[in-house]
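In order of appearance the chains are A, B and C, and numbering begins at 1 in each one.
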Amino acid sequence: AGLPVFRSADGVFTYKPRGRILVDVSSTMGSKYGGRNTTTTGMRALRLGLEGGVGPHFFYQFESDFSENEVDIVTAFLGYRNKISSKVDYDVRAGHLFNDRAFEGSTGSDSTPFLERGVVSTAIIPQRGFYGIGIMGRMFGPNWHASLSVTGDRVDGEQATNDSRTFSGRAHWNPIRTDRSLLHVGGWFFDEALSSAATTLTRSTVIGGRFNGAVRVTTGELLGGRSTTGYGAELGGYVGGLWVMGEAGRRIARLDGGRPSFESKAWSLSSGLFLTGELPPYNPRLGSFGQPNVLDPVLDGGLGAIELTARYENLDYTDLVLGGDGWAATLGVNWYLNSFTRIQLNGIQWHTNNRAGTYTGGDDGQTVSARVGVTF
Amino acid sequence: AGLPVFRSADGVFTYKPRGRILVDVSSTMGSKYGGRNTTTTGMRALRLGLEGGVGPHFFYQFESDFSENEVDIVTAFLGYRNKISSKVDYDVRAGHLFNDRAFEGSTGSDSTPFLERGVVSTAIIPQRGFYGIGIMGRMFGPNWHASLSVTGDRVDGEQATNDSRTFSGRAHWNPIRTDRSLLHVGGWFFDEALSSAATTLTRSTVIGGRFNGAVRVTTGELLGGRSTTGYGAELGGYVGGLWVMGEAGRRIARLDGGRPSFESKAWSLSSGLFLTGELPPYNPRLGSFGQPNVLDPVLDGGLGAIELTARYENLDYTDLVLGGDGWAATLGVNWYLNSFTRIQLNGIQWHTNNRAGTYTGGDDGQTVSARVGVTF
Amino acid sequence: AGLPVFRSADGVFTYKPRGRILVDVSSTMGSKYGGRNTTTTGMRALRLGLEGGVGPHFFYQFESDFSENEVDIVTAFLGYRNKISSKVDYDVRAGHLFNDRAFEGSTGSDSTPFLERGVVSTAIIPQRGFYGIGIMGRMFGPNWHASLSVTGDRVDGEQATNDSRTFSGRAHWNPIRTDRSLLHVGGWFFDEALSSAATTLTRSTVIGGRFNGAVRVTTGELLGGRSTTGYGAELGGYVGGLWVMGEAGRRIARLDGGRPSFESKAWSLSSGLFLTGELPPYNPRLGSFGQPNVLDPVLDGGLGAIELTARYENLDYTDLVLGGDGWAATLGVNWYLNSFTRIQLNGIQWHTNNRAGTYTGGDDGQTVSARVGVTF
């Protein structure tokens, strides 16, 4: 965001450091299990990387995350971009690629309106997670985009077994777009053939914020997966500073031994309101949120931007005998000091009903989380 | 140090890469245990990061260490700074913070006068180590500073259990400060409530330099800690190129099961003399050492700066039945090629008397260590 | 390569970011073992670092690799360079150093003509691998260079046992060198005293490309090593766009318990032809390959450079009762979009005959690998 872009003397090469620091603290109370009523600190993201271009067509990006005191390669790709017409352009990227999947799932961790993405984005996902090595093509129009990708596993040191293979795509369209309002319609899918080395489908999805790892909705142990298919829909938009976004997704996991498929279901409804006159930071090229254009930054002696947020989300793994379900309702305030520095506060009322693991049966609690973050 | 600072076109953003490379070799002889008479190489620090500012008030820093061929996040914070009056200013920083604790403990690894910090800094320390996620406020006057912080665990991937909580502070004062002389008085403390997931207090502290991991003073196994409190004092100063620093510290570890508390005791006396006319690199703002202002750098055809150093340090864990004690006497030479490139040589005569572990009983030996280092 | 070099205002300091992204996909068929017929993706290299200088004589470099989703420190050193005469200069570097060993072994991973180095470079190697902490001196003349180094272990967190010690050297000479042709003669050796903590000499060397970890030539378990000595020869050159390089190496591993020494043998013959008029990217200073000077880059609307390659390589561990052998024949095409962006395709016919491990007996197969890569 704020960092200068460096250019070589002949202007052909550009280079820009990238990074983000997101510091969180999270405290939970009210659970009937003492092991869930904890207070933890953590880094939601600690990223360092760079992006650059060579001439008008070639570009690359490389970023690693250190937030759990170990390395996690995130984006690392080379790309080629070009125009098809004055209104339509495309790019093709090869490398370690971030899924184009769901509205919050396609929004960067430094731009999500809540401290953690909703359950559609965290649960209706390929088994390999948010990233895979492969190739993605994207096409962009004035009020739409579409992407298709084929990827193997995420980057790892394992070269003695087959990769899984994921085919996925997403598209969005803005049928209405004026200066101060917009309608967003989106859809996405993925289809994943699991390698014989990756047949475990057990899943425990956090629902009280990322920094309470004990508050999860769990499937119980689930072995013998053969393939998964997921899909989802996005419908939302904004009028002035008020935005609404509904998301729903479903994932079918096919199992071996003639067992019936396992269907995961998730949905969420989110909303936000900028009190300080900004429009929601909707990026019409990618169909996701970016960082807001703060009208009166604290740096210039202003107030910054203030946004109130609310979300309800619901996750259902009960298609399995040992699968649980749960929901969370979140109220939040975001204070943007400028377009890339923010302070966020979320209060979450959550409910889980697990049938496996340590924390079974109906359980409710409250989690309060705060973040300070900078993107550079 | 030497790297350029980049500024955005409007001057609002600044950005500077940071790093250090410290290469060590260490050889030990004279121990009655063959396993201690080893020769090893290692990187004392291999750091890469950046620091930057946004306008006059906001700043951030992010640095990771790769010295053991894995990632260790070191500093990673966002901060805000401002003036209270023409003489007093303050800052508040949130993120992964380095303890403000003890004189050598507050000095960066690229600025310590000896290859390894003394035992006051390495043994009288919170259980979570040199870093924790939290918030620190610091206030600076013309000849003093004070800091207070509250922190949880250091950055990690563990979010299923409570963090420990550390409250700590330090202050220093320079009652005398002239052009060529200075008196330093300092004090510090920490108070740590241990999480139920962090009750192991076993400690093995190196005393023959960092790169002989077999030469340690050990407590023996110590489980069931509830909390720790530590405090210490610093008294020193310089006249011309000669500096002296005395440090002492004590740590009380409270144990469960009605056992008496365990008290660790450490002290050290250090001195150095610049033969080439430089003043000691005392930083009056932070009350610690920085890098010397070399009068005649090798780069300009000069001799660089030469400093002779000496230290005695003593560590006592004998308050425990299985706790050991030990001391080390170090003679050293530092050759600063310029303000950020140095070659260091230390000869250490050490003594340990452990009552647990592999190397029990009185044992003496000699360790010779050398370092070449650059900070950029 | 393409990135700008930053200079401080007084011109004394220079600084340049460095990195490479190499994305691979590999597919194997034809083996009689299903576990070898796999398709995998991976990053051959994911590097980020920087290099810099202070004045004319001092320089440093620091680079880490993230290609297996964990950190691997690669080069990290400080150096001093100077001239002896108008024609001869030298440098001395201390830190984590890359072996100067074999022609392909001395060529960077972003410059190898094939996707993976040949077996001389991957099998005739010190037990500690491609890197060690220590000191290396190099001398350079107009048509030759020579290096000597003493190193301990590679960078690690292990400081409780002795390092191994490796003494090694390499030299090359160009007896013929005209505008469009060159003869290369080279030789190298290493001698390694193994620490008592590093006596395992078991080795499994990939021969069907790096990203099929199941296609290896194995020694079987080999414990009780005392020391190793390796040496090799390089003979090759180019006429116009056609280059040829022959390499051979041998490694003697001395074992304890009065057992006879174990001799590993490897050789390879490689060739390449630039169809687009470029000369082979031979670096006469280091005696290795660098990146080609593309005459008509794709960036400028050109075709780029196209190179056809072929290699035969042979590896023999049969001096051991349980040791195997194998060979591989590779045909390839490299398309250089510009001097630092490349697309590579290799087809490998391989044969292994192992006497230990999962895949024993004669086995043949075909591996097809592709890469897109950028160096910056």
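A few comments on the model shown:
By definition in this document, a residue touches a chain if its C-beta (ideal position, glycine included) is under 8 Å from a C-beta of that chain, and two chains touch if they have at least 3 such contacts.
No experiment lies behind these values; they were computed from the predicted model shown.
Relative orientation of chain B with respect to chain C corresponds to a rotation of 120°, obtained by superposing CA atoms and rounded to a multiple of 5. Residue numbering at the chain A/chain C interface overlaps only partly, since under half of the positions present are found in both copies. With centres set at the average Cα position, the gap from chain A to chain C is 39 Å. Counting partner chains per residue, chain C has residues 6, 70-71 touching two or more of them.
Residues 6-9, 12-13, 15, 49-50, 52, 54-55, 57-58, 60, 62, 64, 70-73, 76-78, 94-96, 132-134, 151-163, 165 of chain C touch chain B in their complex.
Residues 2-4, 6, 17, 19, 21, 23, 25-26, 35, 38-43, 46, 48, 66-71, 210-214, 299, 337-338, 341, 372-374, 376 of chain C are the ones that touch chain A when the two sit in their complex.
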